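Here chain A shows up in two complexes: once beside chain B, once beside chain C.
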Partner chain A sequence: MSAPVTERRADRARRSRAIWLGWLFAAPAVIMYATFVLRPLLLTVQYSLYDWNGIGASTWVGLDNYRRLLTDEDLSASILHAFELIIFFSGVPVILGLFVAATIRDIAQSRLAVVARTVLFLPQVIPLVAAGIMWSWLLSTTGTANELLSAVGLGDLTRAWLGDFGTALPAVGVIGAWVLVGLCTLLLLAGMSKIDPSLYEAARLDGAGPVREFLSITLPSLRQEIGVCVTVTVIAALASFDIVYIATQGGPGNATMVPGLEIYYLAFSEREVGMASALAVALIVLVLACVLPIQRLTRDGSR
Partner chain B sequence: MKTTVRENLTGRVLLVLLMAVTLLPFVSLFVTALHPSGTYPSGLSWPADPQWGNFLDAFRAAGMGTLLYSSVLIVLGVVPASLLFGTMAGFAFGHLRMPGHRAGFLVFVLGLTLPFEGIITPLYYQVRDMGLLNTRWAIILPLIGLFMPFSVLWMRAHFVTMPSDLSEAARVDGAGAWQLFRRVHVPLAMPALSSLAILLFLWTWNQFLLAIVLVDDPAKRTMAGALGAFQGQWGTDIPLLCAGALLILVPTLTVFLVFQRRFVAALLQGSIKG
Partner chain C sequence: MAHGTTSRPLLTAITLATLLATVACSAPGSDASSADPNSSAAPATTATCGTAPITLKAYFETGFPLPKSLTEEFTKQHPNVTWDIREDQFAVITQNAPRVLADDPPDLMRLPQVSELVKDGLLKNLDGYAQTLGWTGWPASQLQQMRVGPDGRRGDGPLYAMGLNFSMTGVFYNKKLATQIGMTQPPATLAEFDTLLEKAKNAGVTPINQFNGGATGGLAFPLQNLMAAYGDAGAINNWIFQRSGATIDTPPNLQATQHLEKWIKSGFFAPDINSQDYATMMSRFIEGKNLFIFDGDWESGNLDKQMAGNVGFFLMPPAQAGGKQAAMSAPLTYGIGSKAKNADCAVFFLNWVATDQKARDIAVTVGGSHPMGPADAYMPAVKEGSVTAATLAAGAVIGQDNGAMDFIANATGAIYAKSWTPQLQKLAAGQQTPEALLAAVQKDYESQVKN
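Let's look at the complex of A and B:
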């Protein structure tokens, strides 16, 4: 009779040892994550409920900072700008990427495509700061963009693209599109290579043209890859900082102010820590609110 | 699959065009860097007298040697530790699967989409209170924490695919869990680990926000952070700025071109898993 008891006891001992062991292995990651991510995250929420200049005493203001976020035009404008950037950071790379990938699918194995793979990845490898510097110069009054325009007889259009109220935000968007279009193209191309070629052959036998082929085979098969592209690029748009900081510093006026940069200015130059934190919380929630539905739509239940 | 010559040609032309657009800023940067320092060159004109010396000047002006040294130190501080911690936690969540592993893993997943700006403010005060402001630790320690969600996710994905009898066999031999981890699982995880290493290297090297907020002295920053300071200092001398920007790109570009295949694979996988 005692055998099962001892066995059960041994079982329990093994089980508790397994718990210890497992969490012991996870401990370093948990500690670093808790100290440098979770704790600041909770503090952000806490700070957002106070009025604090970072030095003196802080005053409890409840949801006032959030209220200001909705009413202060400069602050809500920064959030709108982030959404506008999505058009350039996500829309352009994904649509252009789909188009290019579909066109070059047949030559994906050629030498040219191999070279293209390397070249298209360059913007992903360099720091965004460098991309910002390159493009500020390219888009300046005497830059290459204007030179090209003049060369094709559109000299009237030339301007300081990043300094003009009307074009500054789209110009920043173009920089983001340049950074992300290669990544999207290659991701989508990789997805296309997984599509069974016999599907295309069958479609051709049925007399489907390239457009029909694209709409009924390529697009549906790429659901997951498109999801990945949209997720990555939407986060890049909403949380943009490096490019804007270098290319425009949020100017001219407030024309290119984005939440990331506004948080930086509020917290470290204007000393409005509470307000900066409220905006930070809003940004975090916004990213989640955009990314979670995309994930749900495009992921099958495999993970 | 039958393809018409014309389709093929359109594809090629399109591809070449896309490559040209991708390379244009690099070319513009390079050409501008060769103009006499202090001038405002226009567009893509090749200078009459290429000033190769600009690169040398920029190298000296930016203190490139110091910057390289600093970036390497930061990478050495961040990458190996992140790899180790991420692998250990990935092993725990993916293979040991102790009670609570699901909830624990979920907490890490939640951090995946977190924008760094979201926590930079409290992070500043925390790092200040730890007395680490303006040291390289101010970049290293938070970055390890911030890289944990991705590293854990990445390594867990690897360990989940490992058959569990791999452990059973070794456990019979009486090998301790740590030995099992080190001698059996880590060697088998090498492909996943090396891709992760590439990604973490890149993200550390190019880290900008933490560098400009937490470290004032450009000589103690990452390359990207230093480039920001360099722009502030030499922003009016366009050719010198361009030369400096190009020089700062050289290390990453070299590493990229050497490990190209791995890089592309890692980045593609990385975005899919992330």
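Let's look at the complex of A and C:
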């Protein structure tokens, strides 16, 4: 009677020791994560409930900062701009990436494929700041973009692309698309290499052309990779900062103001740490609200 | 398995709760030590560096050689003083100023707009020094912008900073292009200025390049000049210093803004000003691509070097012939942290900059601007016909007309980035009317001043 009991007790002791040992091993990571991720996150939530300039005394204002977020046109406009950027940061790279990846796969054996892959991925290696500076030269009044337009007789279209109210935001979007196309292409290519070649063979025997093949085999098989691409690029669009900061700094007249930049200005120029924190919290919620459905959509039905 | 699934959420919850408890137990920034107004209220009075070796910790703006030249000369004359200098761009200094002054106060620091720093008790009150060193006998306008009242309003109250020199703004022009369009002398009235702009445009010369792109609203330069041509410089200063009841939305200011709009619509500015940054404006002007820029004498030395003999300067002409002239003029502000260790020596340095003959030479030849100090103090000789000579002479005119103004961009900490810059960019793009521009700026101003 007593033998199994002691055995069970010993067993439980062993198991709890194992658990504590596990926590011990995890401790360095947990402590780092708690100190540098969770604590700042919670502090941000706390700051968002105060009116505080970062140095002096703070005043409790409850949800006032969030209320202002909904009523202040400048702040809500910046969020709309971020959504507009999704077209350029996600839509263009994913669609273009699919097209390019399919093309490269077709010529996979040739040297051209290697060159194309490298060239397309290069923007990922270049620091975003350098990319931003380079593009602001290309898009300036005397830049290559306008010279090309003039050369083909479209001189009337030339303008300061980043300084024009109508074109500044799309121009910033183009820079983002240029950066992200390579990443999407590479991810999608990796996904394509996992597709069983016999599927294509079978389709071809059934008389499918390249378009049918793409729609019926390639696209469905890439569901997860497309999910990753969309997730990463949507986050890049909503949390964009560096490209905008370098290319336009939010100008002209707030036409390219995005939440990331607004948070930075609020916190460090206007010294409204509370308001900046509230916008940051709202941005986190927004990103999660966009990304979680995408994750669910692409995970379900993949099996 | 069961054990794991029940305890993991529990542990997570405990961890989060503990963290929340540790971070949320006190309101942010409520420790009284940094905000104690008395820490800076008792001014010391003996400004000296003594004879023992001493190292001054300084925080300067990068890209401008003046402060470093001055510190080198100072060490030559006072070998017991050495320097530990940190440099950053002005935008970085603006963002860092409160934190640096609170955590790691330098003995001497280039300052952005001072009122909020004073409200937080971060700057040393220099009134005691000013009394004993005789700064109070200098022209009052030199120090006015650095005086801050208890509520953060500038213009009077204790002195919280000091200038290395003070700048003068106006219109620089390319002499060769000026001759080309038949401009023989600077315009005497606003109407004459308009005619010159028209002539330049008709001759195929870009009349004005002005930085107004990205986070810059350089149209504030011509706008404020026009405001002072149509109205009174004192009223503009009252608005900048946050005097009660002051408004920017006045009839003369509306006329000025309409005038600026007329310039924009007539094509007197380069078409791409909304994508021009400061460096682009300067390089185009130096390359001779346009006739005028609105800028300040901190460029005098640079322009005398790069466009020797080919660059002139005039103050914005008045609306009527013989009217009073005004210009934006501001000290190159340096301050001392309220908890700085070597404040006495830093003040001694600032006084030396204004009074030592060698230092005044450096202020003009390296800095290009007028030195601080008594009205009758020694003035270094400058080359005749140089733009430095022209800007220094303009300073005398402004002194006579009592026309020195601070910048409208300095009225509050956020007014430039939040209001002037986007509004002026909209005006340049034809997306804003002068009436709505002034109303919008005034509305932002009021909400910022209330805070």
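Keep in mind that, in the parts below, the second predicted complex is superposed on the first by the 287 of 303 C-alpha atoms of A that agree within 3 Å, B and C clash if a C-alpha of one lies under 4 Å from a C-alpha of the other, contacts with A are read in each partner's own complex, and residues count from 1 in each chain.
Simple rule for what comes next: contacts are C-beta pairs under 8 Å (C-beta built on N, C-alpha and C of every residue); 3 or more make two chains touch, one makes a residue touch a chain.
On a predicted model such as this, the values are computed, not experimentally measured, just so you know.
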{"item": "First, second, both or neither for A:G54, with chain B first and chain C second", "value": "both"}
{"item": "Which partner, chain B or chain C, touches more chain A residues", "value": "B"}
{"item": "Chain B versus chain C as contact partner of A:A82, first or second or both or neither", "value": "neither"}
{"item": "Partner chain(s) touched by A:F36 [first = chain B, second = chain C, both, neither]", "value": "first"}
{"item": "Partner chain(s) touched by A:D164 [first = chain B, second = chain C, both, neither]", "value": "second"}
{"item": "Which superposed partner A:T185 touches (first chain B, second chain C, both, neither)", "value": "first"}
{"item": "Which superposed partner A:A130 touches (first chain B, second chain C, both, neither)", "value": "first"}
{"item": "Contacts of A:T44 with chain B and chain C, given as first, second, both or neither", "value": "first"}
{"item": "Which superposed partner A:V273 touches (first chain B, second chain C, both, neither)", "value": "both"}
{"item": "Chain C-contacting residues of chain A that also contact chain B", "value": "15, 19, 30, 38-39, 43, 47, 54, 268, 273"}
{"item": "Contact set on chain A toward chain B in their complex", "value": "15, 18-19, 21-23, 25-26, 28-30, 32-33, 35-41, 43-44, 47, 54, 100, 103-107, 112-113, 115-131, 133-135, 137-138, 142-144, 146-148, 178, 181-183, 185-187, 190, 197, 200-201, 204, 210, 225, 228-229, 232, 235, 238-239, 241-242, 245-246, 259-260, 263-264, 267-268, 273, 276-277, 280-281, 283-284, 287-288, 291"}
{"item": "Chain B - residues contacting chain A, complex", "value": "1-3, 7-8, 10-12, 14-16, 18-19, 21-26, 28-29, 32, 40-44, 84-86, 88-89, 91-93, 96-101, 104, 107-108, 111, 113-126, 141-142, 144-146, 148-149, 151-152, 177, 181, 202, 205-206, 208-209, 212-213, 223-225, 227-228, 231, 238, 241-242, 245, 248-249, 252-253, 256-257, 260, 263-264, 267-268, 271-272, 274"}
{"item": "Contact set on chain C toward chain A in their complex", "value": "3, 7, 15-16, 19-20, 23-24, 27-30, 34-35, 94-95, 98-99, 102, 116, 119-120, 122, 213-215, 271-276, 413-414, 417-418, 421-423, 425-426, 428-429, 431-432, 451"}
{"item": "Interfacial residue positions of chain A with respect to chain C in the complex", "value": "15, 19, 30, 34, 38-39, 42-43, 46-47, 50-58, 60, 140-141, 159-165, 248-254, 265, 268-271, 273"}
